[in-house]
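The same chain A turns up in both complexes below, where it pairs with chain B and then with chain C.
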Partner chain A sequence: MTIDTFVQVCIGGLLIGGLYALVAFGLSLIYGVVRVLNFAHGTLLAVSGTAASIMFAAWQLHPALIAVVLVPVVFAFGYGFYSILLQPLARRSPFEATVGTVLVTVGALLILSDLTAKFAGATQRNIPLRFHTIEVGNIVFSTTQLYILLGIAALSIAMHLMLKRTWFGRAIRAVTQDSIGAQLCGVRSERLKAMTFAFGSSAAAVAGVLYVMSFPVDPYMGFGLTVKAFTIIVVGGIGNLPGALIAGTLLGVAEGLTGLFWKPEWASAISVILLLLILVAFPAGFAKRRR
Partner chain B sequence: MAAAVAMLAGAPWFGNAYLVSFVFTILVAYILAQSWDWVAGEMGYINLGHYCFYGIGAYAFAIALVAYHSPILAFAVTMLASIAAAVVLGFPLFRLRGDYFAFATLALLPLAEVLAFNLTPITNGADGIVLPVHDVATTSYLIALAVCVVSFAITVCISRIRFGYALRSIRNDEEVAEVTGLRTQPVKLAALALSAMFAGIAGGIQAWQLSYIDPSSVFGLHVALVPIAMALLGGSGLRFGPLVGVVLLALVQQWLLVSITMLQATIYGLIILLIGRFMPGGILRSTWLARRRGPASPGSGTRAQQPFSGSTSAHGPQLPLPVRSVARGKPLLECRDVRMEFGGNVAIGGVSLRVSEGEIVGLIGPNGSGKTTLFNCISKVYEPSAGTMYLLGRDLRALRRDEVARLGVGRTYQNPRPLGDLTVRENIAVPLLFNDASLSPRDALSQAQAFLEYSELADRGGARADSLSLQEKKALEFARALACKPRLLLVDEVASGLTPAEVARFVEHIRHIRDRYGITVIWVEHIFSALAQVVDRVLVLEQGMLIADGSLADVVKDERVLRTYLGTAAAGAINA
Partner chain C sequence: MKISCLRFSAILGGICVALLATPAAATVGSCDDPITFGTTISETGPFSTLSDRWRKMTEAFADEINKSGGIMVKACNKRVPLKFVIYDDQSVPATAVALYQKMASVDKVDFFVGPDWSAIGGPVAPIADRHKIPMVMGNVATPSIYERGLKYVWGTPYPVVPRWSERYFEMLKHVTPKPHSIFFITHDNPVMKAITGYWSKKAEAQGIKVVGSETFSQELKDFTALISKVRAAKPDIIYISSFDGPSVPLVQQMRQLKVHASDIHHTMLTGSLFRQVGKDIEGMTGELSWYPGVKGDYGDLVERVMKESDVNMFDYIWTLGRLSSYLVMVQAIEKAGAIDREKVRAALYKGTFKAPAGDIVFDEHGFPNTGAFTIQMQNGAVKVVWPSDVATGKMIWPSPSWQ
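Coming up: the complex of A and B.
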């Protein structure tokens, strides 16, 4: 093995990790504002990725255009899903609200995967779009990867600016920290919750389009992604974009390196092992300290 | 019930094979759902990775059976393996609480699947393990039925024994459970181990019956959440909740399998979704609540008296507390240079104080001066950043919260923290149990009566603690702290909000517990007239520093106290 392989694996890890981070960040925004454990979140990526691949196969649309088409659809889906199915649960007792949201999102997870498998087939899909490659020394990477990386960076920066500079973002941060306090200050929390749910869902949709450009998707992969996203949230903190990016990238690179130094089969276990090790090493938990 | 069990036990001989195999899946699912609910419904920890213990059990059984050909030995190995896994995993996982615990346990499932796929020398990888072929359909069915009965029996018993009270205290408020004397870590590990053991047995039985296992059948993400959905569907935390949920959902699943040819998972998911949307507490929850709400607790409006307002003498009811004669002047609590910092914020900046046995000490100071923080340091809710604290000669630094509590520190919370879904009587019985290992729950509940009468909550004993008014909750806080049988009682603004007559009675209480039971008291309060009647001296905190220590009469004349706490206008009032 050479240093070039190492760098190449790291770049791959960076890519997948960045995508994990986007998924995780959407999920953690939703969790922070709505306090819902959305088990169907990763499945949205799988569905969007599958839809993107079908659209590409049918009309040869440019991935960026596909994202432009998908985002409003998923946004509307998220808004409706929250308003119709989750919001009424908020009026119940905390215990019933938690249980209800778990059942609703698990049900949605099963429905989404099954419907996708039914209509698109349960096979793996991707976008067979290959841009030319770039060689730097002995390291080869494709412009696809470059585009994905740019996409992740652009989306991260956009989300960061949105959170820090817009009133929507300030309201999200306020509700995350103290929901009642924010309501007393005039934040219309119900509408904000629906917007956040929709926003987080569309982040997963964009991540789905980027994902399918370089990795295969299938209808049942979503839950595994959700699990990884939860891991990233525990490590990186709720509603914390830099935390999610760092934790996600670490996870992606760790997975890549596990494949390189050990066996690729073990890559998907590394996130959980890392999580357990971190919990042993930092008893108070990363996330708790940041809250 | 017994008839139903007997009928089920006869099924292998009278029913057809199809029925038996269907009931078998229900039995296994019930073991899983019920054992999950011991941790979730009773202890309040949502373990989404429960299914992984089922898989561990299945593998342990299969491997042991292949190696030793003895089912009994294999079941023993199964139990040991799942308990060991629970203890090893519980250690890091229980550092998380609430939703974070749920996230992290969920992550165990893919880990277990990857391990099963790739630890090829042990698990045979994707090929799975073929068990020695015997006809065990009937045997495994009967074992599953027996384990179900045991699971149900445990569910019934757990609500009555000490362990069950510990679980429910943890579910309500883990910190309160600790400061009233419960060591929570072993309880949590034991609950997880028990739950894991039953899940493991379920896995073992299933493996035996199928005589073949592979990673995706025992760890698959799509089946993993089903037992949990079943328990939630019926009603988590209810005696019959998991049972009802399992039977209903299994029937639905079977119906789908038979009559629907496409989109089974979609319909199944839709049913789960609709139940979550319209019956989030579980099917049994609504009727159950209505029954419990009925005659049990009259509304607080019907109460004849408020706490601390009664006409009976405070010396009336005898409390089951040890009567100690105090050695006046002997130091009880000694703090030296105690500091508490939160990041850069210094809440207590080096406080040294000494409290002698049998003293009643007032602790006063402006809001934010560190009074409650000091209480939190003494009861080890916070770990002080620096300094030493000794109680009865024991170094508090080396002790956990529950050890401090059992050593003799009782405390109240300024914002009352009752164990909400327990009754008022149980709230008092819990610290009695935790502080006396030989006490039975029945005795603790009857002993609690004296505390109820003492704090004039007797007619609310059966009410849920979260249904009390604020003043009643404060009275309950005080009674619960006394039930810890303390040597040192930390009272945090219990009297604020009381009427003058009620304050006067509360002062009597404080004096009484000191005079009769020798309990030393540190009392945080802003009501000077109340403090003046009973305290031996006062300590004044200001911005985390002790600025005065002496009799109340002297302290109120102190220049710094006047400037920072009472205000200079008070000087004139006191002199006049």
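Coming up: the complex of A and C.
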């Protein structure tokens, strides 16, 4: 194996790892604020990716424009989903609420997958955009990959700034740390939870558009992504964007290197192995939660 | 009061007895009722990409058969109409098992046809034996499923593993420059692994050195590592043994990472793959069980059925396997001359059955002898390039788009 091959594999790992991180961050934000394990989160990416692919095929829209169209739609969906289906469960006992949210989100996963398959077909779809490639020695990377990486970086910075510099971000962090304290300070906790759920869902929609530019999506792929996102959350820490980015990238590169040094069929399993190893070595994950 | 209670119990008991005694569906084997074929189709779930239009196609098949009155049954001295009982197995083996149980005991179908995919055919097949209902499966290509000593199970997958790439490797003997090396990339699936296992041995026997073999899981999206290994091995042929969907990112990334070879061969070169990878598919070779225009028995019927149901062979490459299961069962009933499961079973054991791509003969396990044509994507169109006597285009070798 040459250094070129190693670098090539790392570039691929960075790309897919960054996408995992975006998915995980939305999920992490939702769990941090709303305390709901949204099993349908990855499916939202799949549905958004499918919608993006259809829009691209129909109108040849630029992916950035597709994202601009999809984000408010998915935001509204997320807001409505939380307000109508999940919020009423909060009035139940903790056990019933937990079981109820699992049932509702797993049910949403199944229904969204089947509805998408029914109306858009179960066939995999992607956005077959091909920009030119750049070659440095034996390393080849496409400018599509470069744009996606830039997109991931820009989104991460934007989300980081939003969490640190805006009232909404501060309110999210306040509710994450102490929901009752935040309410006493004037944060309308229930509305904020709905907004956070919707925001996290929109992040999945953007990730879906970026994902479908490089990899195919199908209505049934969401659960696998959600599991990877759970791994990243556990490793990177709840509501921690840099932690999610590090963990996501680590996972993506680890998958690539598993394929290179071992066998590609084990690449998908590495997330679980990695999770176990890191939990043994760093029981609190990479980033300790501040309280 | 006691009397009314007794009367009520008697009436209730009578109703129960009557319900239990009354058949839920038509009498099996009757000349006065249509012959019912029970089947499931993966209309939803992961396999639905391969079969979501087959309900309409199945109904169109029944209409075509019934145009002439139905299936000729000698014992009835007339043609008996054909009727299908169709359920969606949702691509879930457990659902399929429950549905075949239901068709055997509640719907009381005469015969089973068509379950597809080894994942579903495997658990479903023993139900046929349990209820002694002959079953001709469609696209169940794993030989071990047939080698379990089942007495009521046959299958018509196209092509079967030992004949999958037979014509492709035959063609390789005639191309110039001759290929010397091959790299196998295999989707982690029983059928695809069986294909790689069988054809890697054949390649070696033919003097083509296997310079690498890698397996990938269905979930793998980043193929950079695998492609790096292929690039390092510099094979003349890259043989992708995979279902179409999981290999989409592989084909795209092979293009992006500028992989070179004389030929990229794909075991499932389909319309779905074409739509997803676009021009990246250019020059690749693959297999196709049959294509409209090739004259064979029932070819016109199959063409009409496909046209009526808007099914394209390149989009739904397993269509012939599915339709052949119907054709074989129809012929078996005609040969048996009776709507009798045991007589039909006997006919299936010893017959040669007609199909558009050639005669189907089963071995002692119910496994067929079906093959496929070699195709190549040329300027965005599918060309049959081998065997040369039925070719619609000339093989372009080495493929310029992969140089």
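Quick note on the criterion: the second predicted complex is superposed on the first by the 281 of 291 C-alpha atoms of A that agree within 3 Å, B and C clash if a C-alpha of one lies under 4 Å from a C-alpha of the other, contacts with A are read in each partner's own complex, and residues count from 1 in each chain.
Going forward, a residue touches a chain if its C-beta (ideal position, glycine included) is under 8 Å from a C-beta of that chain, and two chains touch if they have at least 3 such contacts.
Worth saying up front: this structure is predicted, and the values here are computed from it rather than measured.
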item	value
Which of chain B and chain C A:171 touches, first, second, both or neither	neither
Which of chain B and chain C A:216 touches, first, second, both or neither	second
First (chain B), second (chain C), both or neither touched by A:8	second
Contacts of A:142 with chain B and chain C, given as first, second, both or neither	second
A:182 touches, of chain B and chain C: first, second, both or neither?	neither
Which superposed partner A:263 touches (first chain B, second chain C, both, neither)	both
Partner chain in contact with A:255 - chain B first, chain C second, else both or neither	second
Partner chain in contact with A:123 - chain B first, chain C second, else both or neither	second
Partner chain in contact with A:133 - chain B first, chain C second, else both or neither	second
Shared chain A surface residues [contacts with chain B and with chain C]	114, 118, 220, 224, 263, 265-266, 268
Chain B - residues contacting chain A, complex	46, 89, 91-93, 95-96, 99-100, 102-104, 106-111, 114-115, 117-118, 221-222, 225, 228-229, 232-233, 236, 262-266, 268-277, 280-282, 285
Of all residues in chain C, those that touch chain A in their complex	44-46, 48-49, 52, 188, 214-217, 219-226, 228-229, 232, 245, 248-249, 252-253, 256-258, 272, 275-278, 280
Chain C-facing residues of chain A, complex	1, 5, 8-9, 11-13, 15-16, 114, 117-118, 121-126, 128, 130, 133, 135, 140-142, 144-145, 214-216, 218, 220-221, 224, 252, 255-260, 263-268
Partner chain B, residues of chain A touching it in the complex	31, 35, 37, 39, 85, 88-89, 92-93, 95-104, 106-111, 113-115, 118, 220, 223-224, 227-228, 230-231, 233-234, 263, 265-266, 268-269, 271-273, 275-276, 279-280, 283-285, 287-288
